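First chain written, first letter: the chains are A, B, C and D, and each begins at residue 1.
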């Protein structure tokens, strides 16, 4: 446990509604090692996004703890960055790409020149050199999400949380972005927690996949993903291990769903 | 591209609509055509009295009107009066021109001004005039008791409250200042309702104000003078107007109206009716009868003095509202004149 | 919690009002204290004549909003739908809407007399512009996909207008009605204060002329309360009629 | 084509004719209405409604003069339009400042909104002209009285719109901003204010129209100069050409102000206008 960068311990979340208290997350525990690429999958509506918001400190927890380097998370810590699913709303349309990225450096008290250097470098890392002065809404969806990734990378985070970041882009763009993300990860050696509903994506990207049950969600199991790196959209996905892992996770997710359905019936 | 054909059709439709819409109401307002609107009111019923609509400002001064209605004087003259409240004499003129009323309660100067620009109206009856000596004053130009304004000359550059810009009080006060050697242009005129003129002066927000003594009441002010007595000859404070087409289409009705007003005036001026008159007026204008009894009486007069009319024409020329006085004999028909 | 705070807010305002009058900042002749005004409110509420004038004002408002709406919404749909109409109508609308309807009072009296028609005309003149503009803006916010659907179904222009454009523009239209409702009440009152022969405004003028400010302010408070009630009613209507509006979310 | 260009691609081919056609496309309705008025109200037809040519003639003659030394405006303009415009500018600026300032506070701080909400609704429904007596007591019979009346009447729409704008801030944007650890002031200036700005501008636009109307209305009473003062004086002395000329002046002023406002808005809200157009088109 001591070598964990991110430690989640018996994390719970419930909401008060008119119909009574609804439990969304029920005592989830897992840890993330430094430099690890961890994916979280689960049936739709299982509270993946809620979990990520709890990890980021954007929602108050109802029970348990989230610790980054042993410090309990209350509000997003400085060494963490988040990429949201909906780029059209997480990027601010009134700011140019450059200013959107630079906004992440706001609290860092850098000189103007240094902030500008880092901003341009981050945008270059995601392949957006030359697009600094235009607005995000002048770009395609995939390119907007690159701006969001650049904004996350510009603070050189130790932990990068991603909430279904490629769910709103088309399949080809998604493949390109996945490979871009792997390349960025390899170079920056950051730790990534990646929430997705896409099992292929989780298996293709990760070192380890955490499978959640349907709500109130808890961890069903963790699967080690030892596919060789560097990964490749064609070669990796043709590996027998890929098909095996994929089938395994798929079965667990479907099982989690069936399980939930039975529980509800009883 | 299908839209292109629309682009010619719609302007045409809009143009048609625009002209058609404005067409309907104008007809009734125009002077040349026989007034359709006027025939709506003033219908002589088979045997009963003719119904006429008379505008009112609901002033305490209109006590003769309330008296005539209450005591059947209009019925005696074959008329049934219904009052229509307006906010000001010029609104009354618009009301009779539009046919919303038959007789408009309007001051003499406004009547002359509107006649001069071509309104098809005549003065069919008088109501009251500005009281002249030896009658006690009823109007005042006043300041705060401790005001630095000692004489009208001190009013240069000061704010004077009057109830209406270009109204009778404004014009007469301006003439008064002119007579006392002050150019009315050098004074700042402010339009305010009477109660607020009085309060404005008392609270020091206005340097001076013009109002009836009735409006001032018990408020502590210093009176500089009565512009209506010292500034001008007698003016007609209030009179009744009717449109030319109404007079033409309803022969005899205006004469009856004038006669009924005259009789009502005689009744309210009868000393034995005074208390009843105050009670009736108070009921209609929302004031206290005891307060009314203390006020100076108006100079009621149902007939129009042509000499006064000529004087008022000269006043309007002097004050720059007219370049040439209109033909007063066309404004005041024979029956309404003082014999 | 919210109703409690609101009640506290109203109470605080009344206390401030009382303090201002007691301290004599504003003379009682100009602004009477809350107690006499409250007493006059009771007097007015039980006064049959006031009630009739109140109804007259309300009727004018309802009629004006309804009839002007029936005219303005279709015209606004056309203005918004046909791009070539946009600039010429906007030019005219922005020019005309700047003219206070009270300035047109003499003309309104000339054409419509002193009664309901005149007040109606004054209100209609004041509120037709926000209705037209909001309807036209609402039309321009129609999702093009919805229009493609209508076209793929081979709907005629009138049918698309009613079936797609009108519902999409409905939230915009509703906000036009809310603005128009507020302006409308103010204009009915102004018309009554300045020229009409019936309505609450004429009552206020009479009390003002006879120097009874307690009645005047009682009337003003009642008018403000009426305004709140009417705005609330319009809001509820919007929720019922346009469940897809952002206000209903 | 719901949002097609006014004239379509054919216009481009017309070359030098394009501009005049565009102008014509914008003004034809106004011209049709003016001509209809002219044809309907011939001289002598109605005292209240003079012919449009007479009104426009008086309008130009009364307000403007071909003298650069006078800045092309008449003394009449200087003594009446200038004070009116100053009052409008001051009143509207105050309304905007109070409306935006209070709106931001109330939008963020819910209990304060609950506290003041009934009073705001009440203030909105009270005709500001009915408050004239109090305003006179507080401000006297001075230009500040008109300014106060304009400000009181036109604050509400800015206030309400600002509150709505703040409260409709997208939750994802709030989360994104929090995840960037923006401080209070950075959040306010970089996120909250820009995101509420389209609504704030909508409120400002409405309030500018109201302010212009109140400028005239407030001058009908208790003013010693101004366009409203001119209008009411012309009305009571039956100079209807002069009254209409003042009305035309106000209408033209409204057009100009609205146009100017549109230019400023297009600049400040470029991101909004273009991003929504982009989203609609794709």
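Heads up, the rule we're going with is that a contact is a pair of C-beta atoms (placed from the backbone, for glycine too) under 8 Å apart; a residue touches a chain by one contact, two chains touch by 3 or more.
The model shown is predicted, which means the values in this text are computed figures rather than measured ones.
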### Query
Chains in contact with chain B and with chain D: which ones?
C
### Query
How many steps does it take, at the fewest, to get from chain A to chain C if each step moves to a chain that touches the one before?
2
### Query
At what distance in angstrom does the C-alpha mean of chain D lie from that of chain C?
18
### Query
What is the distance, in whole Å, between the centres of chain A and chain D, each centre taken as the mean of its C-alpha atoms?
48
#### Entry: For chain B paired with chain C, centre-to-centre distance based on mean C-alpha positions, whole Å
33
### Query
What is the distance in Å between the mean C-alpha positions of chain A and chain B?
82
### Summary
Touching two or more other chains in chain B are residues 3, 26, 29, 88, 90, 94, 193, 199, 203
#### Entry: Where chain C touches two or more other chains, by residue
27, 30, 83-85, 106, 110, 193
### Query
Touching two or more other chains, which residues of chain A qualify?
none
### Query
Touch graph across the chains, line, ring, star, complete or other?
other
### Residues of chain D defined as touching chain B within the complex
1, 4, 8, 28-29, 32-33, 36-37, 39-41, 44-49, 132-133, 136-137, 140-141, 220-224, 229, 232-233, 235-240
### Query
Which chain C residues qualify as touching chain D in the complex?
1-2, 5-6, 8-10, 12-13, 26-27, 30-31, 81, 83-89, 91-92, 94-100, 102-104, 106-107, 110, 130, 139-140, 142-144, 147, 165, 179, 182-183, 185-186, 189-190, 193, 204, 213, 216, 220, 223-228, 230-231, 246
### Message
Could you list, by residue number, the parts of chain B that touch chain D in their complex?
### Response
1, 3-4, 11, 14-15, 18-19, 22-23, 26, 29-30, 88, 90, 94, 110, 113-114, 116-119, 159, 161, 164-167, 188-193, 196, 199-200, 203, 205-206, 321
### Task
Flag every residue of chain A that touches chain D in the complex, lowest number first.
53, 56, 58, 75-76, 78, 80-82, 84, 86, 88-95, 103-104, 106-107, 135, 137-138, 151
### Query
Hey, which residues of chain C end up touching chain B in the complex?
27, 29-30, 78, 82-85, 105-106, 109-115, 118, 193-195, 197-198, 202, 205-212
